Each structure stands twice: as C-alpha cells, then as structure tokens.
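Two complexes come next, and they have one chain in common, chain A, joined by chain B in the first and chain C in the second.
For the complex of A and B:
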C-alpha cells in the first residue's frame, strides 16, 4: 500500500485535485476569481509535491514504472500546467465553466502522467486516450464560436484515426513478438519485416500526436480554433509528454531496431523542419504562426532523438523544459492582447512597442528563445539537440538542421519587426495585464534567461538520465 | 589581470543603463562604463607586455577556467595572446568612440545604449574565449543587437538591410556550428577547448570537410566574396555608431575566427584550400575597390571600400606566411580604427548637411575645418599613406605575400596591389568634391565638431597614429601568435 502511494504520488495528487474541484463545483457557489485562486494554489501545491518523496520502482507487474527522470519529466508538465493556470487569467475570468475546464485539463494531465510512466502497450494506449478525449472537449470550450467546434471535431476525428493506427500497430507487435511489455520487447526483436511494419504503424501514431509532417494537417486548424489556453496545453504540455514517451519507447523498447528507426526519424525530422518552416513563413494569425513554428520545433526535437545516447534523452528533456517557458510566454502575450482587443493578426502587433514596451520585450525574449539565439535558453536547447544528433557523424543532416535555423529566424524576426520597427497609426492600446498573468510572464522570462546560463540544470538532467 | 572583468564591466554597464531614469544619466553611465573598459584594455596591454618581457613563454596568458556544462566537456575558458590583446583594445576604442558620437541620439536613448553595449560584450567575449562553445555563444549574442540597431535607428531601406544582415550572419554561424561540431566529434576526447584541440591533430579527412565550413562561415562575417552582399546594405543603413561597430569590429570577428579557429586547428585544410582563399579575396579586393568608384553616397563608398580593405585580411591569411599573417592582423586593427573614424565623420557631416551624396556637398573645409581635416586623415590612411596605420598593414601583407616565389602568388599580389591605385582615385575624388570648392548657401552657417565628436575622433586617430608611426609594438605583440600558427602549418608536408 505504502509503495503504491509513493510511486503513484503525482497521479494520486492530481486525482484528489480533480475530485476537490468536482465537490467545489457541486457544493458551493464560488465566484470565478476565488475559484481561480484556489485552483492556482492547488496546482502550485501539486508542483511542489512533485519534487519530494520521489521513489523508483514498478507497480502492477511492470505496467507502471517510475524513475527519477520520469519524476522530473512530470514536474516539467506540472510546471507548465501551473503556468497555464496563471497565464490566461483574463480568459478564465470570463468563462462560465471554469471548474469544468480545469477538471478536463487535469484529466488530460493525469493521462499524460500515466503515459510517461507506462510500462506496456496496454496502459500506454489507455492513458493516451485519457489524455486525448478531454482535450477535444477543451478545444470546444469557446462555446459561442463556430471555429472552436470545428477545432474539436477535427481533433477528435484525427485522434480517432491515429488511435486506430496505434491499435493496429500494437496488435502487430503482439502478433510478431507475443508480448506487449516494453521491458520484454527488446530481446524478442530481430528486425523481421512484420516487426518493421508494426513499428511503422506505431511511429505513425506518434507522428500524429506530435504533429510530425506529413501527419500534421490537423494542427494548425485545431490550434487556431481552440481557446488559447487549450492551444498552449496542446502545443506545450501534451507535445512534451508525448516526446518524452517517444524517446523512451525508441531508446528502450525498440533499441535493437535502432538502425531502422534512426533513418526513419531522420527523414521525418528533415521534412518536418522544412515543411513547418515553410508554412510558418506565410501565416498571418499569431496562433497559426505559433502552431507551424511548433511543428518545426518538433523537427528539431527529432534531431536530438536520432542521437540515440544519454545525451539524446537529456537534451530532449532540457529542450522541452525551455520550450515550456518560451512557448508559454509567447502564448501568454498573445492571449493578453487578444483577450482585451480581440486582435490576433501579426500585422496588428505593429507599433506594439510604443504602447506596451513590457509585453513587447517578453514577446521578443520568447521569440528569440524559440529561434535559438543567445543568451536565451533556446540557444542552449537547440545547440544541444544538434550536438546530440551530430554524434553519429551525419553532418549533412546537421547542416540541413542548421540551415533551417536561418529560415526560422526569418519568420520570428518578422514578428519582432512588426513589434519594434513598423509604424502604425493605431497601435494596440495599453493592455491591462491581470496580476497573475504578469507574475507568470515574469517566471517565463526569468526561465528563458536563466535555464540556459545556469548549467547545473542541464547537468542535473544528465545525471538523472 | 582578471580577464572576466573585461566581460563583467560591460555587463554591469548595460544593466546600469537600464536602471537609469533620464537620457543624461544614460549617456554618462554608458560613457563612464566604456571609459573604464578602455582603461582596462590598456592595463591588459601593459600587463601582457610585462609578462612577456619577464620571460613568460606560455601561448595564452591570464587563463581562467570555470566549469560550464561539464557533461558536454564545456568550460568557460578565457585567455589572451598578443592577437587577442590587440583586438580587445580595438574593440574598446571603437565602442567608446561610438558612445561619444551617438551623444545626440533622441529616439529611445536608453535602448540604444543598452544594445550598443550588449553588442560589445559579444565582441569582448569572442576575442577572449579559448573554448569554442563560448566563442560561438558570444559570436551569436551580437545578432539581436545588430538587427535591432539597424532596424530601429537606421535610415533608408533599414528593415530590408537589417533582415539581410541578420539572416546572412546567421547563415554564417550555421556553417560555423556544423564545423565546430565536426571538430568536437573528431576525437574521442570530445572537447571544445582550443588548447586541447590544437594538440590533438584533427584527422585530415575531417579537416577537409570542416575547414571550408568554418572558413566560409566566419568568412561571411568578413565579407568573403561572394558572401559580402550584406555589407553595403547593412553598413549604409545602420546608425553611425552601428556602422562603426559593424565595420570596425563585427567584420573582424570573422577574420579572427578564420585565423584562430579554422587555420590554427586545421593546418592541412588551410594548406589545401589556401589558393581558393587567395582567389576569392583578390576578387573581393578588386571588386570592392571598383565598386567604390561607382558610389556617390559616402556611406556606400565606405561600405564597399571596407569589402576591399577587409579582403586584405583574408588575403594575408591565405598566403600562409608569418609576415602576411601578422599583416592580416594589423590590417584588422588598422581597418577597424580607420573605418570607424570614417563612419563617424560621415555621421558628423550628415548631421549637419543632411546629405550623404558627394555631389551635393562642396567647400566644407571652410565651414567645418575640424571635421573636414578628419576626412582628409582617414582618406589618406585608407589609401595607404606612410605614417598612418593603413600603410603599415598593407605593406606587411604584401611583403609576406611576396615570399612565395611562384607565379600564382605573384600575380595575385600584383592584382591586389593594383587596388591601391583605385583606392587613391576614389578617395581623392571624394575628398576634393566634399572639401574643396565654393560653399553652398545652405551650408553657410554649419558649425564645426562639438566636444564629444572631437574626443571620439582624437581617440581613434591616436590609435591610427600609434600604429602608423611606431609599428614595432603591435608587430611584437602579434608576431608570436602568428608564429605558433605558422609552426603548425610548416609541419604539414
């Protein structure tokens, strides 16, 4: 019993919070402001608890396992969720169903936590579904907007499709090897054609979830239509968690087939970077823009994954930690502007620096970090991904990745140029930033600057791996 | 001498600038900070000379090493040899002059000075670092400030120029990055440490791939033909202090990188590709000179002439002789000072006449004798008058180049020499049209230079004269560094 509590600590805490929210919703007429404060503090508590009482071990005959690295990965997700609860305060205050939104969000988080800890394909599939279905409901949360329902519809259809592919892949794995346990899989893999086919189906399912090209087509519409809190959860938390589990499945369960997946991941990485970048060049809507740029970012994560070493794991985890700060800061600024003025176009940001210098600098920091320019943390994140990927002496591939950095710099600079250089007769008016949004943006900005310069954070991740 | 101070002082200055409340405070804080930095650079110069005089024969002095990302074997490793001492001194001279000439900037003063000093941190760090990772880190730090300085405070097609510059330099650093990773993984040791790498003898097949990547990557910063196209747009659109920094220091980052990283670590590669470097740099020298002849805008003139002059740096490196390499470094310093002064003078003229077109000026010597005299001095330095730094640098490069007896090197040297004639033509024409003749009515009541402009000019001219009149001190500083690089090249069969 005691082992059960310590190992499944983070899942249990989230479950308790979900039930608390249910009771609050049913039993009290709490106003949004108070409710939001309660939720934020509960999530902060969740984040803090994540750092203590960590144990390693297996439960349920290896179905569920946890290590120090997995606990750290869960803390990254908790941090992201806490920041999301702070950042979009303006939107939450207007919402009529605040408690429900967070119940759904936490259910998704619970699913993602279980997903990271999953030890075989059964719980892997179940937790993935648990993470996906609430997300579709969250995408539909702007109830009065048609585009939001469209987003939910696209999301649920593409998820269902990818679940089908995943299940087919799992059944082929079972058929080829006779096991669905990650730990038992490596000794049974010999690279037979059936196993390779099973693996192709599995990687396709992952590609759907990570919006890797050519399985990315749902991403932009869903990101644009969903409320911005959902979009940021999708692009940061859910993507991060799936990247974590993708790394561990490839590195552990499919290690004997690394020659097969190395080339596949490399190809996917190249087209993902190129297509993501090319589409991001032309976007006008800031949410769509960030959606395509996040597709390109996943391409870079794949570069690190091809490293197939401890450096690969730690650079991916490190990059996602940085990505949480950078991307959430960008979404936070975009949300603060759109919730007051309704403006979401990049052209609307012209002359923003005149009226909102503080928001402009935060946005600039976030974009420079996403582009990977020092001294922001994004520089270190990107560089380490590339270094991890270069360990196999495939310099042509690294050169393509490095050249893609230039393309991505071009479109990030386009936003910077709108904010700082372009003249505008009627710039966005002075934005009243909600105090909790401001607090979260300060955390993000500090994270963007410090996570890179303080090298012990990376070394800590490295020792965990 | 604590080298971290040279990075900390600008950092503190930049932070202090952000905290100031009004423009006056901002300007004075920036000036005091950069003056302290200049003093430190001079202290470094004398401390280095003392160490060497007292018999310290280490290649890099005043080394400091702190752990940074130990799991990647990266450390914050600083150290200087004669070449870096000179480059640090150049940077501090140009930066303080830049602060002084920007005294009247009205638009977003605080941000301007903050970015300018941030830019200088990149240069200081780059010249001091002995670890290739932090070298790259500092190289890239400068991208944002350059982009914003041109885009916000620039003139003309500033957004276009800013974009072009940022993207081309980023392209250069992308190549550098891949080259550095190649060097990093070339041995089992996996290190970015310059000193360790220099003892490791990188395998020849890796040198053949990584040398061109690194040389071209750094070459983009140094206007290596055909990657020079950002120079004219970038330099002419930037605000005065921005152009001074870009041409005076930023282009030298590339030259220094070509020498210190590419050539030093990969002698076989250098030997293999030397002829290509010579051809490309000769084209840059001649092309830049002829393109300058066609320009009517003073800033474009100086930008194209920078392409030509910086061509001598790569030309000197490509010759692979000790003398030519020493000349290349002197040319970096000389051109840095000269071009910074030239851009400063153009800025002063533009502020008063509101034009940069040579045809629209005339008789300026009568209304602003001080500024026009500066223009004379800088012009003469540019065409290589003995007694000024340009002469010392170019003659050293040519003497080094002439050490090769074969026809290829001789022809290249003769072609490069011809650019001096072209330089004389465009410089004399530009100076005579602006300075001589009758004064236009609209220019009748222009005033001469103010104290800040005079001070900036005097600081830069002091440097130019110090090299021009007494070249031995800079020669003594640079030569040992060039010698060590050459020793490795001589070992190549």
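For the complex of A and C:
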C-alpha cells in the first residue's frame, strides 16, 4: 500500500485535485476569480510535491514503473500546467465553465503521466486515450465559435483514426512476439518484416501526436480553432510528454531494431524540419505560425533522438524544459493581445514596441530562444540536440538540420522585425496584463535566460539519464 | 594556511567596485566614487600582500622548492574528460609577485587620480573602468587554466580599449583605442590558435597538467606534438610561436608595437597603470607562465622570443631619442624595457644557474613597474601643470615642481641602471644572463642601455633644466601648485620603491624551477653597463642642459637616419599600406563581391525557392479530415514498404 502511494504519487495527487474541483463545481457557487486562485495554488502544490518523496520501482507486474528521470519529466509537465493556469487568466476569467476546463485539462495530464510511466502496451494505449479525449473537449471550449467546434471535430476524428492504426500495430506486435510488455520485448525482436510493419504502425501514433510530417495535417486547423490555452497545452505539454515516451520506447523496448528506427527517425526528422519550416514561412496568423514552427521544433527533437545514447535522452528532456518556457511565453503574449483586442495577425503586431514595450521584450526573448540564438536557453537546447545527433557521424544530416535552423531564423526574426521596426498607423493599444499572466511571463523569461546559463541543470538531467 | 576566499576576493573586490560604480556611480556616488574605489583597492592590496607573504614565507616552500598551489578550482565547462575550462587560482612565485605589483600600482593610480581627474564629468565612470581593468588583470595572473587566462586576457583588452578612449569626444583618442584593440585582437587570434593546438596535443587546458605533459620526456603527448611538423618545424614549436604572437601583441613587441604610442591618448594615470606597469607586461607574464614548455620542448620558439625582444628593445630606444611628446618618449621606453624582459626570458634555460634570465626578467618586470609608473605619474603632474605634452613647452621646471623633479630624477637614474637604484640590479642581472648565453644579444642590450640613459636624461634636462621657466609658468605656480597631497604621495612612495626595490634578493623567491637561485655579483660585468649609462647621461647633459643649437645641428648632420627614427621607422605607414592598399583591394574587395553576389545570391535563391515550394504545397493543407486520413494511411504504408523492402 505504502509503495503504491509513493510510486503513483503524482497520479494520485492529480486525481485528488480533479475530485476537489468536481466538488467545488457541484457544491459552491465560487466566482471565477476565486476559483482560478484555488486552481493555481493547487497546481503549484502539485508542482512542489513533485519534487519530494520520489521513489523508483514497478507496480502491477511492471505495467507501471517510475524512475528519477520519469519523476523529473513529470515535474516538467507539472510546471508547464502551472504556467498555463497562470498565463491565460484573461481568457479564464471570461469562461463560464472554468472548473470543467481544468477538470478536463487535469484528466489529460493524468493520462500523460500514466503514459510516461507505462510499462506495457495495454496501459500505454489506455493512457494515450485518456490524454486525448479530454483534449478534444477542451478544443471545443470556445463554445460560441464555430471554428472551435470544427477543431474539436477534426481532432477527435483524426485521433480515432490514429488510434485504430496504433491498435492494429499493437496487435501485430503481440502476434509477432507474444508479449505486450516493454521489458520483455527486446529479446524477442529479430527485425522480421512483420515486426517492422508493426513497428511502423506504432510509430505513426507517436508521429501523429508529435505532429511529425506527414502525420501533422490536423495540427494547424486544431491549433488555430482551439482556445489558446488548449493550443498551448497541445503544443507544449502533450508534445513534451509524448516525446519522453517516444524516447524511452525507442531506446528501451525497440533497442534491438535501432538501425531500422534510426534511419526512420532521421528521414522523418528531415521531412518534418523542412515542411514545418516551409509552412511556417507563409503563416499570417500568430497561432498558426506557432503551430507550424512547433512542427519544425519537433523535427529538431528527432535529431537528438537519433543519437541513441544518454546524451540523446538528456538533450531531449533539457530541450523540452526550455521549450516549455519559450513556447508558453510566446503563447502567453499572443493570448494577452488577442483576448483584449482580438488581433491575431502577425501584421497587427507592427509597432507593438511603441505601445507595449514589456510584452515586446518578452515576445522577442521567447522567439530568440525558439530560434536558438545565444545566449538564450534555446541555443543550448538546440546545441545539445545537434551534438547528440552528431554522435553517429551523420554530418550530412546535421548539416541539413543546421540549414533548417537558418531558415527558421528568418520567420522568427520576421515577427521580431514587425514588433520592433515596422511602422504602423494604428498599433495594438496598451494591453492591460493580468497580474498572474505577468507573473508567469516573468517566470518564463527568467527560465529562458537562466536555464541556459546554469550548466548544472543539464548535468543533473544527464546524471538522471 | 592560505584561505582561498581571501585570494578570490583580491580580484573580486575591484569587480564589485566596477559593478557598483558602473551601475550607480553617476547617480549616487558622483563625488565619492574615487574614495570608494580607492578604499576597495586598499583592502585588495592588503589581501594581496598578505597572500604573497603567506605564500613566500609560510606555505609556498616544500623541501626548498616553491610549489604551484591550486587553492581553488571550479570546473566551469567540461568538453570531454580532462578538457575543461576551469575558474581557478594558481599560486606560484610570479603570481604572488604580480598580485602585489598590480594592486600596489593600481592603488597608487587610484590615489593619484583623485586629484588628477578631479572635476572630470565622468569621474565615476573613470573609476569603474579602473576597477574593471584591475579585476581583469588580477584574474589574469591567478588563472589556473589557459582558457581562463584567455578570457581575462580579452577582458583586459576591453578595459584598455575603454580607458584609452575615455575622452571619446577627441577623434585622436577614438582612433587610438580602435587601433589598440584591433592590433592586439589580431595578435590574440594567434594566441587562440596556439591554445587550441596546445589543448589538442596535450588533451588538457589546465596549466599544471599542460606543462607536465608537454615537458616530461617520454610522454605520448609530447612525442606526438614534436613528431607532427609543418614546414620543418614541430607542431609544438608552432603552437608556442602562436602563443608568443599573442604575447607580443599585448606587450607591444616588434612588429606589433604600433598601438602603444598612440594609446597615450588616454588619461595619464591610465598610461601609468595599463601601458607601463601592468597590462603590457602580460605578454611577458604569459611567456613566463609557459616557460617550461618554451625552454624544454620548444627552444626554437624561445630563440624567437629572444630576438624579437632584443630588436624591440633596440629599435624602440632609437625612436625614443627623437620623440618630443614626453608621453611618447615614455611609451617607447616601455617597449624597449619590455624588450629587455623578453630577451632575458629568451636567453634563459630551465632550472639552476642557467635559469638566471628568467629570474632577471621577472626582477626587471618588478622594478620596471615601480620606476615606469613613477615616470608616467611624474609626467602626469608636469602635464597637469603645463597643459601640454610637448617638450618645447617645458623647461626649467625644477624650481616650480620640486617633488616631481626629485622623484623623476630617481626614476631616470633607476631606468638608466645607475647604482644603487633598482634598475641597476635587474638590468645587470639581465645582461649577465645574456652574456652567459648569447653575446650578440648582450651587445644589443648593452648598447640599448646607453641609449636608454641618453633619452631619459634628454627628457629630464629638457623638462627641468634647459631654458628658464617662462613668467606665466611662475605665476601659474602661485595659484595652481604642484597638485596636492593625493598626487604627491604616490610619487614619493613609488620613488622609494624605485630606489630600494633592487635590494630584494629576488633569486630567493623567483626562479625558473622554484628552487633558490643564488645571485652572484660580477663587478667586472657591471662596469660596462654603468659606463655606457654614464656616457649616455653625459652626452644628454652636454646637449640639453642649456638651451643651444647643438641637437638640431646633429640631427641635421644625420638627417636621413634622424628622420627615419622620428617617423618610427615608418611602421605605421607600412601597416596602412598593407591594410588599405593590399588587404582592402586584393582581399576585402573580392570577398565583398563574392559575399554580395555569390553568398547573398545563394541565400536569396534559397529564399525564393522556399517561397515557391511553400506556395505549391499549400494545397495539401486543405482542411478536409478525410484527406488527412488518406495521407496518413498512405504515408504509413509507404514507410512500411520503404523500410521492409529497400532500406534495411
């Protein structure tokens, strides 16, 4: 019993919070402001608890397992969720169903936590569904907007399709090896065509969730239509968690087939970086822009994954930590502007610096970090990813990645140019930033600067790996 | 026992001063910034003296040999096992000596500037820059890692740049600081490549390990570094030559000396601190720090050091004889004296009796810091009084500036090597070392010592004797005075140093291998330099004590040579020709063309193609879910087929 509590601590805490929110919703007529404060503090508590009483071990015959690295990954997710609860305060305050939104969000988080800890395909599939279905509902949360319903519809249909293929893949794995446990899998793999096919179908599920090209098509529509809080959860938290699982499945369960998946991931990485960049170049809507740029970012994560070493794991975890800060900061600024003025076009950002210098600087910092410009943390994140990928002597591949970095520089800097240099007759008016949004943006900015400079963070992750 | 915190505080205190005054000085400490900085530096000086005392007399010596202690080491960036950039403290005799020299001279300059820079609009900025410089220089000398030293080496360059260009509304100052920065930066490129080569062959950046691996015979690192060669010279020698290029740039050695005379555009106390006593000897310090590698594994590079030093010493002395701006005379004299230190290192061997040159070089560095800082501060007090740098505006000042006069005379005697002043002992030791190892260099050194005495006393007589002081100057004296206590105290303290520093038994403390080096005194060998010095002084006296036309006549009779020296052997013109005519036209212009047409063209082509493809594939993103699913399935099957059949 005791072991059950310590090992499943993070899942249990989230479950408790979900129930608390349910009771609050049913039993009291708490106003949004108060409710938001309660939620934020519960999530902060959740984040803090994540750092204590961590243990390593297995439960339920290895269906569920946890290690120090997994605990750290969960803490990154908790941090991201806490920041999301702070960042979009403006939107939450207007929402009529705040408690439900967070109940759904936390359900998805619970699914992701279980997913990271999953030790066989059964719980893997269940938790993946748990992490997906609430998200479709969250996508629909701009209730009065048609585009939001469309996003939810597209998401649930695409997800169902992807799940179907995943299940097919899992059943093929079981058929070919006779096991669904990650731990038992490696010795049974021999690289037969059937296994490769099963593996490819498994990969598509990851590729779908991570928006790897060509499985990314749902991304832009869903991101654009969903409320920005959902979009940021999808693009940061959900992607981060899936990337963690992807790494551990590839590195542990499918290690004997590493030659196959190495080439596959490399190919997908190249396509993803190029197509993501090509689309990001042309976007006018800031949310769509961030969606496509996040596709390109995933391409870079794949570069690190091809490393197939401890450096590969730690560079991915480190990059996602930075990505949480950078991308959430960008989303936060975009949300602050769109919730007050409704403006979402990049052209609307022209002359923003004149009226909102503080927001402009945060946005610039976030974009610099996403583009990987030193001394922001994003630079170190990309550097370690590329270094990990270069360990296999694929210099041609690294060169392609580096060239893509340059292309991405162009579109990130385009936004910065609009903000700082372009003139505009009617710039966005002065934005009133909600205090909790401001607090979260400060945290993000500090994270962007400090995580890169404090080398011990990377060293720490490296020791966990 | 030594406490690493105290040692770390020596550089960190000036840094704190820099931050405090740099950030808040102009607003809150407009008038008190000088006092604050001076007090901070006083504490640092006390700590430095304490550290040096503890090292030399308590903890440094084990079995009669001074050890290289590392009281603090923090691994900052680790590239691979063994290769890391550390922030550490390395204590050995030369570090301790440098700590004392830097803090002491810097303290003198801080005190002096209280009066000299009074009323300056950017008083606080000035002191914050001084703090930055002192921090960087102190951190440079305690570096335990060759990359750490490089970092502070560049920081020293930056603070020198800031201080030379302190009067940034003066175009000549701006040009000078740019020149100094570019020339030294160019040389630092050599240093950086040298560091990379050394770390490549030795697999470490740590000084102690580096020296150990590259000097112990039979180590694999040493044999690979010696066996790989380029143009018949071993890789290790190339690396050491490149490091020396960096050192020569910072120390203004031939042919990179061109920046130092122009650097005199900075405030005079700055010239005393940076361009006389501390920064310019960083190059000497670097060679000394890597001396075991130079001496044991790359003797050819050390030969180069010796000849570059000797040539610099001699050429700069000749140029100094013709200059009329007193600060420029001192600048060339600095180059000449650093040349002495360099060739002393160059003729030295490692260990024992033959290591005399090393001890002598460090000794000269020490005494030179005293008397050269004194000369510059004295020049500062003269300029403060006359408001001109030109010798023709001066004359007969000995009555008007009595303290400056006496201290300046002491410094002149010291630099000319007249016993019993400090310069005599160190210079005598250098010449002795040269005599034992290389007679050509000995004769160059001897001749230079005569020239040194001549141009220093030309300066002395020109300033303090020559014509009678003009009436306006005398009137000036009444209300202006000599500059007050703050300016006179450093002069007197430094004069005591310049007079007495020679009696320190230096060989007991500093030697190439850490063992005690008994200094011998050879009377017959010290006769020649002293005689040369006296001859120089007498010629200067004959020519310049009274105003007359003899100097002009002599100058006219050797017109060609005189003009050549007066124009500093046309080095500046040569460099301008090289950069403007050759590099700009033959390299920069084609490179610019290539950049504009080929590189930019390629980038533009990439951009246009990207835009084009981007437009074409837009259709894929149709918004129809059923199409998305179709793409999904096709892609999954395609990947499966690809990996099952083709790409195994």
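Just so it is clear, the second predicted complex is superposed on the first by the 465 of 465 C-alpha atoms of A that agree within 3 Å, B and C clash if a C-alpha of one lies under 4 Å from a C-alpha of the other, contacts with A are read in each partner's own complex, and residues count from 1 in each chain.
Rule of thumb we're sticking to: a contact is a pair of C-beta atoms (placed from the backbone, for glycine too) under 8 Å apart; a residue touches a chain by one contact, two chains touch by 3 or more.
None of these values were measured; they are calculated from a predicted model.
> After superposition on the shared chain, which partner residues are touched by A:368: those of chain B (first), chain C (second), both, or neither?
Only chain B; A:368 stays clear of chain C.
> Classify the contacts of A:399 with the two partner chains as first (chain B alone), second (chain C alone), both, or neither.
first
> Is A:187 contacted by the first partner chain B, the second partner chain C, both or neither?
After superposition on chain A, A:187 lies in contact with neither partner.
> Of the partners chain B and chain C, which touch A:455 in the superposed model: first, second, both, neither?
Once the two structures are laid over each other on A, A:455 reaches both partners.
> Which partner chains sit in contact with A:197 here, chain B, chain C, both or neither? Use first/second/both/neither.
second
> With both complexes overlaid on chain A, does A:263 touch chain B (first), chain C (second), both or neither?
second
> Examine A:147 and indicate which partner it touches, taking first as chain B and second as chain C; both and neither are also allowed.
Neither: A:147 stays clear of chain B and chain C.
> Who does A:162 touch here: chain B (first), chain C (second), both, or neither?
A:162 contacts chain C only, not chain B.
> Who does A:387 touch here: chain B (first), chain C (second), both, or neither?
In the superposition, A:387 touches chain B alone.
> Following superposition on chain A, which residues of chain A contact chain B and also contact chain C?
Of chain A, residues 410, 455 contact chain B in one complex and chain C in the other.
> Mind listing the chain A positions that touch chain C in their complex?
Touch list, chain A to chain C: 153-154, 157-158, 161-162, 165, 193, 196-197, 200-201, 203-204, 208, 214-215, 217-218, 220-221, 260, 263-264, 275, 277-279, 281-282, 407, 410, 455.
> Looking at the complex, which residues from chain C come into contact with chain A?
Result: residues 76-77, 606-607, 610-611, 613-615, 617-618, 620-621, 623, 625, 627-629, 631-633, 635-636, 639-640, 643-644, 647-648 of chain C touch chain A.
> Over in the complex, which chain B residues touch chain A? Could you list them?
Of all residues in chain B, those touching chain A are 67-72, 74, 137-138, 140-141, 143-144, 147-148, 151-152, 158-159, 162-163, 166-167, 170-171, 174-175, 177-178, 181-182, 184-185, 209.
> Which bits of chain A are touching chain B when the two form their complex?
Residue positions touching the partner: 311, 314, 368, 373-375, 379-380, 383-384, 386-387, 390-391, 393, 395, 398-399, 402-403, 405-406, 409-410, 413, 416-417, 420-422, 455, 458-459, 462.
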